[in-house]
Amino acid sequence: MGELSSEWAAAENAVALLIPVALPLLAGGVVLLLRHHPRARESASVLVGVALGAVVLSLWPMVDEEVRLDLWTWLPGISLSLALEPLGLLFASVAAVLWPLTTVFSVGYMRSTRQENLTRFYFLFALAIAAAMWVALSANLVTLFIGYEVLTFATWPLVSHQGDPAGRRGGRTYLVLLLVTSMGLLLPAIVWTGLLAGTTEFQAGGLLADRAGPGVLAVLFALYLFGIGKAALMPFHGWLPAAMVAPTPVSALLHAVAVVKAGVFVVLKVSLYVFGLETLAVGDATTVMRWVAAATLLVAGVLALRSDNLKRRLAYSTVSQLAYVVLGATLANDVAFAGGALHMVTHAVGKITLFFCAGAIFVACRKSRVSELDGLGRAMPWTFAAFTVAALSIVGLPPGGGMWSKWLLLLGATEADQAALVAVLLAGSLLSLGYLMPIVARAFFRPLPAGPVHGEAPLSVVVPPVVTAAACLGLFVGAEFVIAPVINVVDAP
Amino acid sequence: MSMFVLMNLTLFGILAATAVTISRLRALYEATMLTALFSLVSASLFVLMDAVDVAFTEAAVGVGISTVLFLGVLALTRSREDVTPRIRQWPARVVVLLAGGMLVYASQDLPRFEGATTPVQVHPVTDVYLRESQDDIGVPNTVTSVLASYRAHDTLGELVVIFTAGVAVLLLLASSPGPGRREEGEGPAELVLADYRVLRVISKLLLPFILLFAFYVLFHGEYGPGGGFQAGVIFAAGFVLYGLVFGVDGARRVLPRPLAWAMIPLGILLYVVLGLAGMLLGGEFLDFQGLRPGDPQAGQHLGILLVETSVGITVAGVMVAVFFSFASRRAAR
Amino acid sequence: MSGSLYVYWLIFALMMIGLYIVISHGNLVKKLIGLNIFQVSVFLLYISFGKVRDGSAPIVKEGIDTYSHPLPHVLILTAIVVGVATTALGLALVVRIFEAYGSLEEDLLHERDAASGVDGPS
Amino acid sequence: MTAELPALQVVIPLLCAPLCLLFRSRTAAWLMFLLAALASLGCAVLMAGQVAGGDMLRYEMGGWEPPVGIEYVIAGFNVPLLLLVSTIAVVVAVYGRRSLESEISSSRIPLLYACLCLNLTGLLGIVSTGDVFNAFVFLEIASLSSYALIAMGKGRRALLAAFQYLVIGTVGAVFILIGVGLTYAVTGSLNMADLAARLPDAYGNRALTAGAVFVFVGFAVKMAVFPLHGWLPDAYAEAPSAVSTFLAATGTKVAIYAFMRFAFTVFGAALVFERLPLDRIGLSLASLAMLVGAAAACFQTDLKYLLAWSSVAHVGYIVAGYSLATVDGVQASYLHLINHAVIKGSLFAAAGILMLRLGSVRLEALSGLGRTMPWTFGAIAVAGLGLVGVPLTAGFVSKWALATALIDEGQGLVLAAMLVSSLLAVVYTGRIIEIGWFREPSGSTAAAGTTPVSMGVATWALVLASLYFGVDPRLPASLADAAASALLGPGGG
């Protein structure tokens, strides 16, 4: 590979940026090597996962040193480079910390549901995480795009993992929708940006600041937001429910954290470093997309309300919650933006908990429909306790971290004096209340139907949701530590 | 309207008539014979246009070899063509109209026929080929000197083409278990005429003369029409005639198969080695100046002679081998 | 002007007849025959480029100084060889095809392929 | 001796052909072909070094100064082709030994290797020669040998494919002959450089215009440009695997080179792209080729046919590049020419392995391949992603180059066609991967025997090359760079 050089920071710091990407790849290699020793294979990936989490968190101290690592000049005028900045590191941390947990969970889940091709499963899982890290740390649009596409291709086989016709169909929808948006809209947008700005390097204050008229900006912004299909903005959200055919761990990490958060993360990153909040604030470049996001938020909420399959309901809830983040970006003021960033975190933690619980329920009693959950709260207290906390956080009620993110978003909306959007946000929360709380109610207050008695799922399946639920509470306390660095960046220029 | 024009028009008339008839004929034997006629007439047109070597070759190839090949194939397959459905004719018409239109368009700016000041005639190379060649090479037949020295590389290519064809035909026909293929040495019944004493005697008588003529053509190529290729074809024609009369095995007794097969690569090897020799003697590839140190002209003579010989060997080998592999294959009917 | 072009037009006519036979006929042997005619007519075109009024064959003799151009002759010698090579190869293929299919009519051959279930471009 | 390289690189393979015949032993013949390939590769590398500085090697055959004699010209514009063809030849030599023995009756193999040597000779000759008629002769050598090679395919359909190719190809060759003749009539010259010098005076001459048209139509047949692609699918799909690999990677590519050579350095861009509308025609045909080829590929039920149709589409990409008649465009063409040759070569090679192990390459025969033959399947998957143009594969690099070239010229529609065709590529590649990975192994997939090491190595060598060119495209990029500047720069046209 090309020579390693770095402009601002000492080389050894810079090389540190490679580790988060390298570690999961290493894990993947180990998995392939150990394919005949399941236990070794799984414990290896857990260990590497923990290591990754540690490494990524250890990067926080140097987050403001503008560490940058130019890997090599890939195409004329385009170098593949990684750079450290708070927003990216925030996303990286979320994915990295939740990965080992998910691995623990999936060990129990895949075992007790007797899945096959586990080597392929763990390998692609690691690959996906590596891609997510790459996206989080990429320093320019092209580098980012590469990671984005690799993420798509790495997760496609995971979606179709079961291999039954339904799984294959889901996989097709997933792949085609994500590729059509990324190749058809995102890539042209990137090329266009490159032609306008002469570079695709992210810049504080925005690449396109006073480089394009409002009309062009509006079009570009639309191209980006629709092109980033992983943000599941309607009408390009269809892949997310389709992806629910995947085993629950996949839905948990990828379709609550890595993939979808990669989507909204790119949205935030683009609006901050490509457009620049100032540029977006003036004129009405974002008006249209703002309303698209609002519509997505509400419609998805209603759809979630109307779907009985638990995972499907969670999927639509994700679509709706992602719209919050996008909305934060489109409001284009620092408060709302911080709210979006924070929501990226709180929703990740909350939603992965919910998926974990869904998985735990499925493992314990093979139930996947909301209407079947009556009374399970007593059979599986831990699971449903976790579920409740996470649900509160998603809805935005104390003691869930989600409260702060939604609070900030509301503030942002008022600051941009968008009364209508305030209403939308509140309505969204009400909807989430409507589609999450009934589950809790059923589980705890309905009688358990007569049938085979069963307790909690295996430990490895129950512990992760409890941990993440605890994290939700933690976020309620420590939200400002999480968001402080982001606020700094936003206010910096 | 000069005599020349008159003859041209007549011959072209015959050609056009022949071509149209061929297109309409559904009996393929007749069509083949007419194709031979077409070649013959065009050969006389070549003579009329001073291209004696070309005429010689066209006569030998078009009338001789390819006709025999066509007949051999018809003997092996079916000799009657089905009616061509009307649909096929439309694309053909479109293509022909487009190409023809393009050609007529081109013809408006083509230099006058047999004009003395056309770009072709005034280009410097003309002088080199017609005048300077006498000093550089000293071979009266400038076609030969261009063919075997100035553009010897083209001729090598030409030889490789015929070699490729030989290899390809062997690849397709020889030693491949076609359905009902008959054993070695037994010629297809359609082609054995040995029962006719006259033919037997005459062909036996003719063979040596034909071969002799072949060698004459080969070595006379520098002074008159002819050369390696024509010689090779004639040489092969001798055996083809013999084979037609006495069957494949009869011909094989005169020219054993291994020998015929050995001739195929031999000619090319000779040619390439000759070229490399020129390289080793300090010149470029196919540079014959150095073959006779101190006497470039003699070197050229030697080179040309060897070129013609090698061409002759390979061509003869290929032609014989091709004919045999067709002839020794029985109809799948 | 056009008085001097009649040769070209005649040659073009021949070429087009040849081309027409190649494309319009379904019989493989006939296609090859058409190919021959097409090629030979092109040879005529080349040779006509080399011809000079009252020129003689490019074999240098005393007392003759207008010769037709030798280069086209050389090119066509090569081209003739290429032509016969192509014909020979084509005929070999014809024989094999007939043995494999029992027919030489293009449309029939395709039908038989479709019948034998070999899948081609759909 | 280095001065003689231009001749030797063609003469050595030529010399090997008759030797194959003389020895009549399989091993000896194979060694001859290997020797020929290695020798020409060596010469190519050495000459690449000699012309690296942008200068030109001229070699006067027989010591006759052009235009009296025939000359070879080696320069930036044909070095990439020489390297490509000879490299592929080496790979095919390694690959072909076992593959051919498994598909061809042993008595024929020496002759077959002779044909391969001849084909190599022909291709190298076309690429090296500086004389238009000589180019025609070598074109015929290459064509005749390829007809024979294709006819060696297993099924009887191969014979038909070869015959159709023979008829179409010969008509094309005769068209070239006519074009050369007309050009000769108005210039009296056959030497490319001499023609380039004389033609500008003859611009506007209708015979010359027609000549150019005939030449280019002729080459278009050899290139299988839509709508003249009819011969290609059958020919590539029915040929023996090793032959398909060789032809698919070299045959059309050399024809494309010849087209560019004639267009830019013989007739001159001024005639071809300004007086003649070949740029517009080229671009529209290219777009159609991309769409039709890719669409047809989606409907194939046989892997080799699928690959062949995708070749039709990819010829479109290359044509689109140089039809722009800009340096960037030609560069993109060369880049894609190289990359696609490598990718498609590896795919056909992998198909050959399947042919050997499964006896069929029908798609349904591939089900479960991911488990039964992971390596071969991996090769297909990776190379397939290259066809799609996923980032970090060679396909993306050249498509990126092409896209930027198109945007610079404002060819939005062609770009759109390219994107659509890439998405169709996702479909047909996706089908293969899906069948191989998510379907249970069927009876036939329980493959017999093992993959010969030589074949596996050869295949993966190409796959890795394509990956490397995707990650670090400096080598092909620099070659393409030199080629474009040699074709369009003062040195060339």
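In order of appearance the chains are A, B, C and D, and numbering begins at 1 in each one.
In the analysis below, a contact is a pair of C-beta atoms (placed from the backbone, for glycine too) under 8 Å apart; a residue touches a chain by one contact, two chains touch by 3 or more.
These numbers were taken from a predicted model, which means no experiment stands behind them.
Across C-D and B-C, the chain pair carrying more C-beta contacts is B-C.
At the centre of the protein atoms shown, by the Cα-centroid criterion, sits D.
Between the CA-based centres of subunit C and subunit D the separation comes to 27 Å, rounded to the whole angstrom.
Averaged C-alpha coordinates put the centre of subunit A at 75 Å from the centre of subunit B.
Subunit B and subunit C have centres, each the mean of its CA atoms, that are 13 Å apart. Centre-to-centre spacing of subunit A and subunit C amounts to 68 Å, using the average Cα coordinate of each chain. Residue positions of subunit D touching 2 or more other chains: 133, 137, 140, 144, 147-148, 151, 178, 184-185. Annotation for subunit A: no residues touch 2 or more other chains.
Counting partner chains per residue, subunit C shows two or more touched chains at residues 15, 19, 32, 49, 71-72, 75, 78, 82, 85-86, 89, 93-94, 96. If each chain is drawn as a node and touching chains are joined, the picture fits none of the line, ring, star or complete shapes. Interface note: chains touch in the pairs A-D, B-C, B-D, C-D.
Against subunit A, the residues of subunit D that register as touching in their complex are 370-371, 385, 390-392, 397, 400-401, 403-404, 407, 415, 419, 422-423, 426-427, 430, 433-434, 437-440, 471-473, 477. In the complex of the two chains, the subunit D residues touching subunit C come out as 133, 137, 140, 144, 147-148, 151, 155-157, 159-160, 162-163, 166-167, 170-171, 173-174, 177-178, 181, 184-185, 190, 233-234, 296, 299-302, 305, 309, 362.
Considering their complex, residues 5, 8-9, 12, 15-16, 19-20, 22-23, 28, 31-32, 35, 38-39, 42, 45-46, 49-54, 57-58, 61-62, 65-66, 69-70, 72-74, 76-78, 81-82, 84-85, 88-89, 91-93, 95-96, 99-100, 103-104, 107-108, 110-116, 118, 120-121, 125-126, 129-130, 134, 140-143, 146-147, 151, 154-155, 157-158, 161-162, 164-166, 168-169, 172-173, 176, 178-179, 223-225, 229, 315, 322, 325-326, 329, 332 of subunit B touch subunit C. Contacts from subunit D toward subunit B in the complex involve residues 4, 7-8, 11, 14-15, 17-19, 21-22, 59-64, 67-70, 105, 107-108, 111-112, 114-115, 118, 121-122, 125, 131, 133-134, 137-138, 140-141, 144-145, 147-148, 151-152, 175, 178, 182, 184-189, 198, 205-211, 213-214. Looking at the complex, you find that subunit C touches subunit B at residues 1, 4-21, 23-27, 29-30, 32-34, 36-37, 40-41, 43-44, 47-53, 55-61, 66-78, 80-89, 91-96, 98-99, 102-105, 107-108.
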